[in-house]
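Lettered A, B, C and D in written order, each chain numbered from 1.
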Amino acid sequence: MAILQVTDVNKNFGGLRALHEVNLDVEEGAVHAIIGPNGAGKSTLLNCFVGLLTPDTGSVMFNNTSLLGIKPHEINQAGVVRVFQTPQIFEDLTLLENVMIPAFAKSDGAFRINAWQRMRQRTEIRDEAEHILEDVGLIDQRDVICSSLSRGDKRRLELGMCLIQHPKLLLLDEPTAGMSRADTNSTIDLLKKIGERGITKIVIEHDMHVVFSLATRISVLAQGTIIAEGKPDDIKGNPKVQEAYLGGAEI
Amino acid sequence: MDAILLQVLNGLDKGGAYALIALGLTLIFGTLGIVNFAHGALFMIGAFCAVSFNKLLTFSIKVKDESITFFDAYKEVPYLEVWWGDTGKAIIDYSVPLSILIAIPVMLLVGIIMERGLIRHFYKRTHADQILVTFGLAIVLQEIIKHFFGANPIPQSAPEIVAGSAAIGTWLGLSDNLVYPWWRLIYLGFSLSVIAAVFAFLQLTTFGMVVRAGMHDRETVGLLGINIERRFTIVFGLAAVVSGLAGVMYTPILPPDYHIGMEFLVLSFVVVVVGGMGSLGGAVSAGFLLGILQSFASMNEIKSLIPGIDQIIIYLVAVVILLVRPRGLMGRKGVME
Amino acid sequence: MTDIIKKHVDRRGVIKGGMASILATGIMPSILTSPAYAADYLNAPTGKTVTLGFNVPQSGAYADEGADELRGYQLAVEHLNGGGDGGMLNTMTPKSLKGNGILGRKVEFVTGDTQTKSDAARASAKRMIEKDGAIMITGGSSSGVAIATQSLCQEAGVIFMAGLTHSNDTTGKDKRANGFRHFFNAYMSGAALAPVLEKAYGKERKAYHLTADYTWGWTQEASIAQATEAIGWKTVKKVRTPLGAGDFSQYITPVLNSGADVLVLNHYGKDMVNSLTQAVQFGLRDKQVNGKDFVIVVPLYSRLMAQGAGKNVEGIFGSTNWHWSLKDAGSQAFVKSFGQKYGFPPSQAAHTVYCQTLLYADACERAGTHNPCGVAEALEGFKFSGMGNGDTLYRAADHQCFKDVLVVEGNDKSTSKFDLLKVVQVVPAKQVTYAPDNPMFKGGELGKCNPGKA
Amino acid sequence: MSKKDLSVEYSTILIFALAILTMPIWLSPIGAGYPDLLQKFVIYGIFAVGFNILFGLTGYLSFGHAAFLGIGSYATVWSFKLLGMNVIPAVIFSIILAGSFAALIGYITLRRSGIYFSILTLAFAQMCYNLAYSVLTPITNGETGLRVLKTDPRIFDHLFGRGQVDGPLLTDLFGIHMTGYPGFYFCAILLIITYYIAMRIKRSPFGMMLKAIKSNQTRMNYTGFNTRPYLQTAFIISGMYAGLAGSLLAITDPLAGAERMQWTASGEVVLMTILGGVGTSLGPVLGAGLIKYFENIFSSYNDNTLHAALSFMPDWLNDVLTIIISPFVGSGWHLTLGALFMIIIIFLPGGIMEGMGRIIQIFKPNKPGGSTKTASQG
């Protein structure tokens, strides 16, 4: 069954039509890629899922509850977690703290005053965080302040921060943008590895190499509408997609 | 009716003063991203430009008063009067408006020295650091002025010809009680023209265009390869001149003392924030809005309705506006939030 | 901890000091001769010196006034220790002072900054009492500070000789057994001014009050309104203005239409300078209302304020405690020594604190002790003259001085920058005296004098 | 984190407690060893520590914290007036009242962030101050300040037969008068307790969340945290600290003046915190001490005391130095303070704590890998 159901979503900015009658079903366990040329409305669509934008009409249902009109932290608590295009991490804190904080959100909920608790009393969280850091390959720098990390490391850290929350649905906004080929490949490997955990993922991506290495299903967005949807192989041969990409040399 | 008209005039006059003081502050905020707690000190230095200029003009021949033996009492006659007679007298009479001429270069210099010597090292520092260093600077400047001029207010008079009141009511065929001091009318006109000049400068010159672009998006302008640093210096100098002139022209209304800047500091911050960070238009409209509301809140009829309202009106309005409009009247998203 | 050790040393010091003073002065130390007052009181001087605490504003709006007060204090200390030309020591009668300090001990002093804030003033006074061992605190340039410091001194157990404080409350509902005021008060201002105003402006007047919105302003407003209503004036309106308003235009314009022909400015310091300057700018003084010239009255004047308001004060009536141009011997002696030391004439602030210091010292001599209870008893009901205000009484019932009050006018023919006020009339003490249970002063209680820890 | 961390925590607080309790001894040589100033040191230390919980951890710069200080003072004096001179109900009453005001003001002001938040808090504090000074005089006694009078009800005092007092009314803790040194030790113990609480908060998960809010509030929201209640809690806690400090001011000296609420007083605690080092535990206490030292000791110097202080020098040098120094002390103490602000912040961006850190670095043997920044627990 579909874990995320997007039905007839419309969004206009002033006179500009950003999304038009978008329908999308994401199956549980899938890696669903959304591709499309610049300005097609991919990020707008993603923003509608996490409460950053509210569609003018239409509905976004996650596990049969609406994601519209509720606050970002509630969406997260429901299990929808987002990786941003520019890494959003806690720059002034250490890597370990960065990963521990989301773990607290998972275990303690949206708000809890545990002001008298010592951090060390929460060994379970600490162990888990160290484990995740190991997974993303940053365990050596666990006590380093994040602002000194490279961009690629920041992205991996953010991914780790999202993973520790055991999301049901992970939204990845261009996870490899601006990365070198080597970094991209290691990120793909990482995403594949976490793919084994059975987390449903939506990936927005320009790099078709990444898309076709990961995606189990692809939707193509152009000028605010879904023009095609299907398995990677179907999309590869789709003439409408080729047209949308103006010759589609990459494909 | 008269009472309301007079309060409107009061409000406009206050508003002009608030807007003028806030203008420089918001320029510095918007372009340089500096929280300048020394802004009040600039106003104060401007006021003391007028005082010093007056002292200079009235440098006097001292004739000992022989009837007093315990201490040196002098009859003082300014040299200018001795040399040039009535012309000299007239020059002294006009000392406040004339001191604008020296205030402009002095304030520009003060602004440039401040920016070059201190402020520029704080562009990348936290707001907390900026607050502490500019507050420290403000105290130092104040104490220096106190050392030379004492703590007592020093009266400055407007030129004789505009010392009295304009009979506005008589002109308009209304009541005789509708009078308003000439100097306050001049101050209103002056502040409006300075505001207009600053706007024209920012709208019509290429320099202004760059500054406006900088207020909008500092990083991009920096990336365009424009020498933004030099322009920052000039903007700071300009802001210093604007607040200095506000200080000069205010001296006949409020005899200046060394503490005058601190009294305007909080108010100017409130005006700027209510107007919206980084918005010149916002600062000006907030200035006038607060000025007029303050005047009306001070009317006896309203005070008897809500006791003490005139004491808190500015803050109350600030709270209400900031709750209704999250970024003040015209603020933009992401500036100092 | 440490103070226990200190106290031991101090006890020994008492005897030593006592011996020393016998040897030094040849007079029987009064500590031994007046058994009525215990020798063990707070900060009892033990050596050859006695420390006084001068607590004045050194920063803030009244810093210049504070500086002048300090000059007055320093002059007083100099004269007490036998330096200079002696100033009022030569004119004060009766006098027990000998020019050898107080009770043979050299007078020393410590200073502090009140910042014109109650908190800071109390902190500063506490430092003087706790650290510097001051036996008497004096100073203050606003009533709030004076009242706050006075009650502190009462609690701690030292004498407080108030400086500039004009509120009725200081010796009214907030009076204290350990506190004494030489300066005049708002009631006296009203009582002194009213007859002069009646003579100058007539009985048919309508007054509009602008009042600083805090306790001093209120007591002055009430005092002046009462005094002027007694001569037939009507009070049109009393409007409160926020302290430090700066621009008073929104309070001045309603005066134009109110039908009033007198504006009373119950402001002090910077507020008064600003409101007066602006009122004159609004052409109030050029107006004719009800067929009479519109006039402004500033009930409490000081020379520094007149300086700040410049030529706007010309012809405006007000009252003051003392002025350097007085011709009596005491004033002349004081102006002479002050002028020769500093090069300019003293203000009323310098005068009142100078007198207070001398009066305290004299009371110590008469009581033969620094014990606050002894000093207070010596001051209570003390009659003296030769200190610039004619025959003066320190009334026992409320610790207020009753003396001549000056009505002054802004000088329109000033020849020098010191010559800003001219004395219109010296109002005799009798005319400004009131009963201790006057409604304006009711509600307080002196209580018992407190000599501090026994 | 192991047993070692725990012992570090306990030894830190032990050293701190020792340093605070021995202040009368080691501050005497520099002229600060008298009860009133010592009390001020610790009371403003509490105020600054509490302020740092909000500003240091969340980055929300309140410019109106003095309002809570004032409210605490007024609440305490009213408790004395109505209930009696015992300090326990006064302290509790103040903390609760300041906390409730903080809850209310925080609820409104925390809707905004950055400078908008600062101005909102400033506006509330200024309203409190202006009203307390004038219109609310029946409650606050305006300019003069609220004091305890013998005619006040003091219900419990009368109940226990202690209603009639011969001398001055003194605050007490079960018979011990809270003036002088006992008052100092009472405040000092409270500082140590509150310092320990602040340290625990900082090192708790809650404290980490606050730091995370400062670092990236957007991320916090998208990580599933509701940040408003966190901020609100921090605001209330620091408001309660301010209320406690205000209460202690009134306990050691039973007078509550309106100036305590003025923006300059709010600004003072901001300056204390920045001067000492934002976000560090000890910094605010040091900053508070330094500013209060200047205010009370530097302002008290005059030419005579300077001469006396320099009397060990030859006369001519004494005179010259007196002339040079005198503009910076006495009435010039503000000048010195302003210059000090500038010098410290220009050369030590992290305030005094950074300066101390640098000094420690000099004496420490070089550690390898100094280029990477590591987190400091402090």
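Things to note:
Simple rule for what comes next: a residue touches a chain if its C-beta (ideal position, glycine included) is under 8 Å from a C-beta of that chain, and two chains touch if they have at least 3 such contacts.
Every value quoted in this text rests on a predicted model; they were computed, and no experiment measured them.
Contact with both chain B and chain C is made by D.
When chain centres are set by their Cα atoms, the one at the greatest distance from chain B is A. Measuring from the average of all protein CA coordinates, the nearest chain centre is that of D.
If you average the CA atoms of chain A and of chain C, the two centres end up 75 Å from each other.
Work out the mean CA point of chain A and of chain D, and you get 45 Å between them. The mean-CA centres of chain C and chain D are about 34 angstrom from one another, to the nearest whole unit. Annotation: 52 Å between the Cα-based centres of chain A and chain B.
Residues of chain A in contact with two or more other chains: none. Across the assembly, chain B contributes residues 311 that each touch 2 or more other chains. Multi-chain contact residues of chain C (touching two or more other chains) are listed as 59, 63, 67, 213, 240, 242. Screening every pair of chains for touch gives A-D, B-C, B-D, C-D. On chain C, the positions that touch chain B within their shared complex are 59-64, 67, 213, 237, 239-240, 242, 244, 246-247, 249-251, 253-254, 256-257, 270, 273-274, 277-278, 281-283, 286, 304, 307-312, 335-336, 338-340, 342-345, 415-419. Residues of chain B that touch chain D in their complex: 35, 118, 121, 125-129, 131-133, 135-140, 142-144, 147, 266, 269-270, 273-274, 277, 307-308, 311-312, 315-316, 318-319, 322-323, 326-328, 331, 336-337.
Chain contact summary for the complex, chain C toward chain D: residues 1-3, 58-59, 63, 66-67, 70, 108-113, 117-120, 122-124, 126-127, 130-132, 142-144, 147-148, 151-152, 154-155, 169, 174, 213-216, 240, 242-243, 445, 447-448, 450. Residue ranges of chain B in contact with chain C, taken from their complex: 2-3, 6-7, 9-11, 13-14, 17, 65, 70-76, 146, 150-155, 157-158, 163-165, 175, 177-181, 183-184, 252-255, 257, 259, 263, 294-295, 298-300, 303, 310-311.
Against chain A, in their complex, chain D makes its touches with residues 1-2, 5-6, 200-201, 203-209, 211-212, 214-216, 218-227, 229-230, 233, 237, 372-375.
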